[in-house]
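Encoded as structure tokens, the structure appears first; notes follow it.
Just so it is clear, A, B, C and D label the chains in written order, and each chain counts residues from 1 on its own.
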Amino acid sequence: MSFPLLTVTAVLPAAGAILTAAVPAARRTAAKWLALAFSLATLVLAALVVVRFEPGGDRYQLTESHAWIPDFGVRYELGVDGIAVALIALTALLIPFIILAGWHDADPLETKSSRWRPTQGFFALILMVEAMVILSFEATDVFLFYIFFEAMLIPMYFLIGGFGDRAHAGTDGAAATQRSYAAVKFLLYNLAGGLIMLAAVVGLYVVAGSFSLAEIAEARASGELEMAANTERLLFLGFFFAFAVKAPLWPLHTWLPNAMGEATAPVAVLITAVVDKVGTFAMLRFCLQLFPEASKWATPVIIVLALVSIVYGALLAVGQRDIKRLIAYASISHFGFIVLGIFAMTSQGQSGATLYMVNHGISTAALMLVAGFLITRRGSRLIADYGGVQKVAPVLAGTFLVGSLATLSLPGLAPFVSEFLVLVGAFAAYPVAGVIATLGIVLAALYTLVLYQRTMTGPVKAEVRTMPDLKARELVVVAPLIALLLLLGVFPKPLTDIVNPAVQHTMNDVRKTDPTPEIEAEAAK
Amino acid sequence: MENLIALLVAAPLLGAAVLLCGGRRLDRVGHWIGTALAAASFVVGVVLFGAMLGYDAEARTMRQHLYSWIPVEGFQGDIAFQLDQLSMTFVLLITGVGTLIHIYSIGYMEHDERRRRFFGYLNLFLAAMLLLVVADNYLLLYFGWEGVGLASYLLIGFWQHKPSAATAAKKAFIVNRVGDMGLSIAIMLMFTTFGTFAFGPVLEATGETSEGKMTAIGLMLLLAACGKSAQVPLQSWLGDAMEGPTPVSALIHAATMVTAGVYLITRSGAIFNAAPDAQTAVVAVGAVTLLFGAIVGCAKDDIKKALAGSTMSQIGYMILAAGLGPIGYAFAIMHLVTHGFFKAGLFLGAGSVMHGMNDEVDMRKYGGLRKYMPVTFVTFGLGYLAIIGFPGLSGFFSKDKIIEAAFASGGAQGWILGTVTLLGAGITAYYMTRVMILTFFGEKRWQPAPDPDKTASVEPGIEVHPGEMPHPHESPRSMTIPMIVLAFGSVFAGGFFSIGDRFVNWLEPVTQFDHPHPPISVPVITGMTVAVLLAGVAIAYLQYGRKPVPVVAPRGSFVTRAARRDLLQDDFNHVVLVRGGEHLTRSLVYVDHTLVDGVVNGTAATVGGLSGRLRKLQNGYARTYAVSMFGGTAILIAATLLMRAV
Amino acid sequence: MSASAVHSLWTTVAAPGADGGFTAPHIEYAQLSPTLIVVGAAVVGVLVEAVVPRKARYHTQLFLSVVAVAAAFAAVVALAAGGYGTTKAQIAAEGAIAVDGPALFLQGTILLASLIAVFTFAERRLDPDAHGNRVDSFAAQAASVPGSESEKAAVKAGFTTTEVFPLLLFAIAGMLVFPAANDLLTLFVALEVFSLPLYLLCAVARRKRLMSQEAAVKYFLLGAFSSAFLLFGIALMYGYAGSVSYARIASVVDGTVKQIDPALADTMGNDALLLIGAAMILMGLLFKVGAVPFHMWTPDVYQGAPTPVTGFMAAATKVAAFGALLRLLYVVLPGLRWDWRPVMWAIAIITMLGGAIVAVTQTDMKRLLAYSSIAHAGFILAGVIATRPEGISSVLFYLLAYSFVTIGAFAVVTLVRDAGGEATHLSKWAGLGRRSPLVAAVFAVFLLAFAGIPLTSGFAGKFAVFKAAAEGGAGALVVVGVISSAIAAFFYIRVIVLMFFSEPRADGPTVAVPSPLTTAAIGVGVAVTLALGVAPQYFLDLAGQAGVFVR
Amino acid sequence: MNPVNYLYLAALLFTIGAAGVLIRRNAIVVFMCVELMLNACNLAFVAFSRMHGNLDGQIIAFFTMVVAAAEVVVGLAIIVSLFRTRHSASVDDASLMKL
């Protein structure tokens, strides 16, 4: 019995969460450092996972498998393919930055009753989310995945509802109600999605009699398990709905702007960069693998939805007055790209989509965290309240600009690679879709640069005049992210090497091959 | 030797990195570092050039493969360079002119506290531009393509505290993005058609697929070119781009970046040769822009905007030439190079003038400057003669060839294009003469320096005291020397290139070359050209040289007013795109909030309402409860019995 | 009626006398021990009330009850270990009582729940002492009019209604028999045996006596009403089959009956008797379960009754009633499956939806929980409808999970108090998470379990039930269940929001520090909730083995 | 005489009782109606017992009486205490809890 690396990787942050929560109220700072330490330790383990993973090897590696609830046919089965590895790495990487960025976000405003320990709670919850996200990336048992997919909502919900911007913190009743509205909306949306999925999960068990991804996939491949077209489609829809809510895909997106708008910047990053990835990841792993035929059947509609998300999200981003909401809508647009890439069902599209998940995570983190620093300085989320920041805080502005450029996927920065792959992949399969999607790159330029122009350039606003530039802690957060963006922008090979084999497996699952270039087709004829 | 190519890009890139990350401690030496690295890149270029001359004409292409950039199943995007004669031409132009302008900027930006950053951006631009021209595949080209876009964005908006600058920068980037859409779609088309987008395979295989495909690709490339090279309909950003510091206008928006479109089309010659329709489109765009720019140039009183218009129109010439196919490519590039010299020179001159005139840009407030800044006057004058194509100077050779080629393109098209180009030459002569006269001749129309708070633009250089009269003076050495060098280029380059068709032969292996055979003999065309340009000069002289020039521009005819506003193109954009866009987004925001979100909240509300109503049944009376039980049982029984009955 | 029949009747009466023997019924005391222990303890409890001095009664009763319940549970475990749940399952007491898997499992569940309930009954630390006497949540003297002199005197004298313990024990005894009853008469008697004490228990709240009495009256009248229906149903069933023993009725229903005398022959022909009878019996059980449209007593009674009683009722009554329902449907009426399934479908659906929807706008915590219990009844019904072993075991598991969550939740409700006793109005709970995070967190756990969030027992149970339903071909039910869970989630979440995200009110309630009794109750509740959520397998196995009825 | 008629009578009584429960306000009367229903059941039991010629029904009837008696005890206790606090035995007055 080998060392259960995956389990440990997930359990560590959970343990950290419990310990952090247990830190007495007075020792606030200790709790912070504890949380940070655990997140870093997790990062180390995640790195270990990346190292131990052999791109050429089996589809699922580092597997663990134990009986758990035989009555439900549920096994505790973990295993990672390239995609999961990439996303686990992303998660483990981002959490320390999130913790560091939110260092002061949860300091109690006034000395509350000794038993009220917001800070401990904040960091504990973050670690808890990390644990569950990692587990849901690792789970190769549908039911196991579902459990963490759902359970993840609870800590997330408390993070959104419990901790607002310092800008409108605490006593401000209106903000509080706004916030709990956002939290409830987040939870109900995702819970509804999850419950629909639950029905599908039950259905899957009735049809397949097992939850093991490997078993089902094999049974399907060998043909000993064939589903009636309609059953498969219904099940597919059940799963897809949940993932589309999480992703979020138009028209199920409206929870995201509220959530990201009301939550503190680090939490917003947690939502969009980490948690939401589970949705798109699950589409790739479960929808396509379990229901290939249904996936193909649904593709046209989904492609359309993805395109709508791309354009619609971008247009709404242009129309926003609130920095964080703007970024949220931008994310919606980007998730459109991811879904497009997944369902284009070409190697480029799916590799692109996977890279996109990682890159979008990093770039949004960079942009959103800097935005957060900005907002905490001025105490307002409204774009109109800023102007000329570049003059007083050049470094802040500079990092913000890089983040924006990443968001509009400028070549040389990571997102470009993935976005272009997605576009090419989509274009190869559905030229029209590809062309429409390219509209996204123009709109992206529009909303990011408008944001930058309105906040950073122009004459210096009076309230901004005394704004300090980035502090050391903040630089420590932003600099590595930017470095990573550049690195993955010019040299994404390490990432693609891990991802490509997994994508090929998925392509086999859906029994698709890339369209051959025209001239080769000619030559073949 | 091949491995030096990377160095071309690396040197300025290093400079950019160092200067932008270096922080304040580099403020004092920053500009030297920048200039040095630009020069270094130039030296490398020269070395490579030497090496290239060493090989025989057919085997001059050098290649360097660094690593695989985006390796994905069936998709190979490499970081690999290809340096052939065409690229080499650009490399020399870019690094040469670039270095000169670095030097110029040392003086020009002396008093700007963000000079280090400025040089960082300039280096970044050089790196991107070089990457663009030495890339060996379209994807990498796209990298450079967007890179220069970014650099130009940063430099146009260099004085970010000026809203006008910030807006101009944003506009430039976004309009360019529209063009980039074209480029990326073109790449996708190539990928689906050829399975690759490296120059070699693509350009060799152009014959093997349908003309329709080629036309599509060609048009997409044209769209890209329009964006980058400010061709109609995407030209609107160039005028505003003049918000940037003048060296930037000289380097990026005159000499190098804006010509990238010409490079793209020439580079993709094989594709266009295989798609006549696309070529026609190219030619049309060129012709239209050529006139458009010229007309705009006539109306502007802002010296830089006038020059910008002229840039537009000159690039129109190049695009047109490139659209003519093998007979035009070489000339397009040749005009591009000569234009690089004289237009850069003109801009630097303009900068020098503004430098001396409290950053006044309105030519109507100049006048009689020739004795105050002689060097500027002479260099500017030479550039002027060059651009109007005065016989013997660079512009004459390059432009004349294009006109010939235009006539030679055959049939009605030939005649139309010929006349258009001729006409263009005339107008060029007119507006450039106007600029010349307004600036350097006539009586002084100087105005007291404006209040910096009121005016948007305060270029650095000399501290300006409101109400003080300008006291023009010659600019420092660091600024004049580059102007002189460029002036040399403007005078002799054309002749040097044309003797024995040096330039054409040099490029021939890359671009092929068919000798143009115009329907009318070449001397006649040349004669006509000269005649037209003299006419243009004469008219301008009559208008501005003879009678005094009003400081405040007369209202002017409709055409004039339209021309001042870039022929209403911006207004069109504003009304249709900007306004329309705003309405669209606003209504979408509304929809998102009421409709999409409304459905969700609606369901919640419905459940709540239903709940409220059902709750009323629970009225607290035991008898009511009993009734429901009784009724329930009754239904239960009835149901079971019915079940059985049916 | 023919003379021969009369004569035969006559002789049948005379016959035993004729050969002079009266064969004593053979009672398997061992197998019945759980019930007997509890009944015995109850009787002793009554005696205690009679003989033991007042001061000592409380402790005596408490001790007695705990010991009795614990012993009974031990007996159940022993029986189960002895294989009576599986191999040696049998009919005991001359066919009156079945000793089999489901019976034992449910009895075990009931006894555990009751044990916790006893703790909550015995809690005396929540209210401030009155005249130096500890007080629990029951009236000092139920007979005296609230606010009257006699009551004041009673309080001063430090009286307490220790009768609640024997009453509780009697109720438990009835509940133990209810799911094990193997003929309709026993069923009816058991029903009354556990209902009557509950009626009384509802009436003896210390605070808010008016509501308490009102609850009692409503519960009593409606309960009596329903049991009348039940009884009439039994009568018809008896009329149809000529017997009240499950086995016999079953065999008559599916036509496998051996000797058929003419009378039976012509009643057998008359399905109306059977169907109406079955429907009325079902109605009687569905009333106890709290299924729509027989649910309307639930909110009022739950709200009015003393909270410990409510908790006990909500948990144990449901378990017992569902046990009886299962036995009836699986043992007696399988032959009628095609008749009752559609009806039960409809009831399950309206119960799930009705409960969830109405709960959305509730403003009182106890009423809220009442409606949620209705919704849960719907979920369980979905499992009942899956006519297959998985159905039984899933229901058993769900009942186990649910009962602990419920008692725990109501126990927490007893802690949140203000001047007027328990502060059950939702608005009072605002910001509880800020005042006392621990209690709020515990309650949140229970709510999440109700909502069926993974890693809580609620999820495991819900999944088991839905799975069984789906396998039983009731996919539509699953979908409805999912939808109503979504609706239900909404109001559970609302409470959590209220507790954690809204600012506490100045005049907000305080959280009483309970004695170890309630603490233990809540602790066990949380423990079981999480245990069943994370590692349900052991209990699923239990339920699985217990999934077979003896017939 | 055909025992079926007794059944009809039983059903009639039962219905009357039920109707009474639904209509009457006074708790005592309502309760008496319930008792009436129970007695209707008894009648049915006895009738069936006669039809089937076995004694179960009659024995059940005895049980029912005992149970009914118990119910009376409990019921009256509750109703009386209610009456003493409210000075009214109307079930409709007892409607504090609703909605």
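What we mean here is this: a residue touches a chain if its C-beta (ideal position, glycine included) is under 8 Å from a C-beta of that chain, and two chains touch if they have at least 3 such contacts.
All values reported here derive from a predicted model rather than from experimental measurement.
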What is the touch distance from subunit A to subunit D, in steps? 2
Whose C-alpha centre lies nearest the centre of all protein C-alpha atoms? A
Specify the chain most distant from subunit C by Cα centroid. B
Pair with more cross-chain C-beta pairs in contact, given A-B and A-C: A-B
Find the geometric centre of each of subunit A and subunit B from their Cα atoms only, then give the gap between the two centres in Å, rounded to an integer. 37
Quick one: report the Å distance separating subunit A from subunit C, using the average Cα coordinate of each chain. 46
For subunit B and subunit D, let me know how many angstrom lie between their CA-based centres, rounded off. 97
If you average the CA atoms of subunit C and of subunit D, how many Å lie between those two points? 24
For subunit D, jot down the residues that touch at least 2 other chains. 18, 21, 30, 91, 94-98
Tell me, which residues of subunit C touch at least two other chains? 217-218, 221, 225, 229, 299-300, 490
For subunit B, residue numbers touching 2 or more other chains are 604, 615, 618, 620, 622, 626
Pairs of chains in contact here are A-B, A-C, B-C, B-D, C-D
Note: in the complex, subunit A contacts subunit C through residues 67-72, 112-113, 115-117, 146-148, 150-151, 153-154, 157-158, 161-162, 171, 173, 176, 179-180, 183-184, 187-188, 191-192, 195-196, 198-199, 202-203, 205-206
Applying the document's contact rule, which stretches of subunit C touch subunit B when the two form their complex? 217-218, 221-222, 225-226, 229, 271-272, 275-276, 278-280, 282-283, 287, 293-294, 296-297, 299-300, 338-340, 342-343, 346, 354, 357-362, 487, 490
Show which residues of subunit B lie in contact with subunit D when the two form their complex. 615-616, 618-623, 626-627, 630
Residues of subunit D touching subunit C in their complex? 1-3, 7, 10, 14, 17-18, 21, 27, 30-31, 34, 37-38, 40-41, 44-45, 47-57, 59-60, 63-64, 67, 70-71, 74-75, 77-79, 81-82, 84-86, 91, 94-98
Partner subunit A, residues of subunit B touching it in the complex: 20, 67-75, 79, 139, 142-143, 146-147, 150, 153, 157, 160-163, 165-167, 169-170, 173-174, 177-178, 180-181, 184-185, 187-189, 191-196, 205, 208-209, 213, 581, 584-586, 588-589, 592, 596-597, 599-600, 604
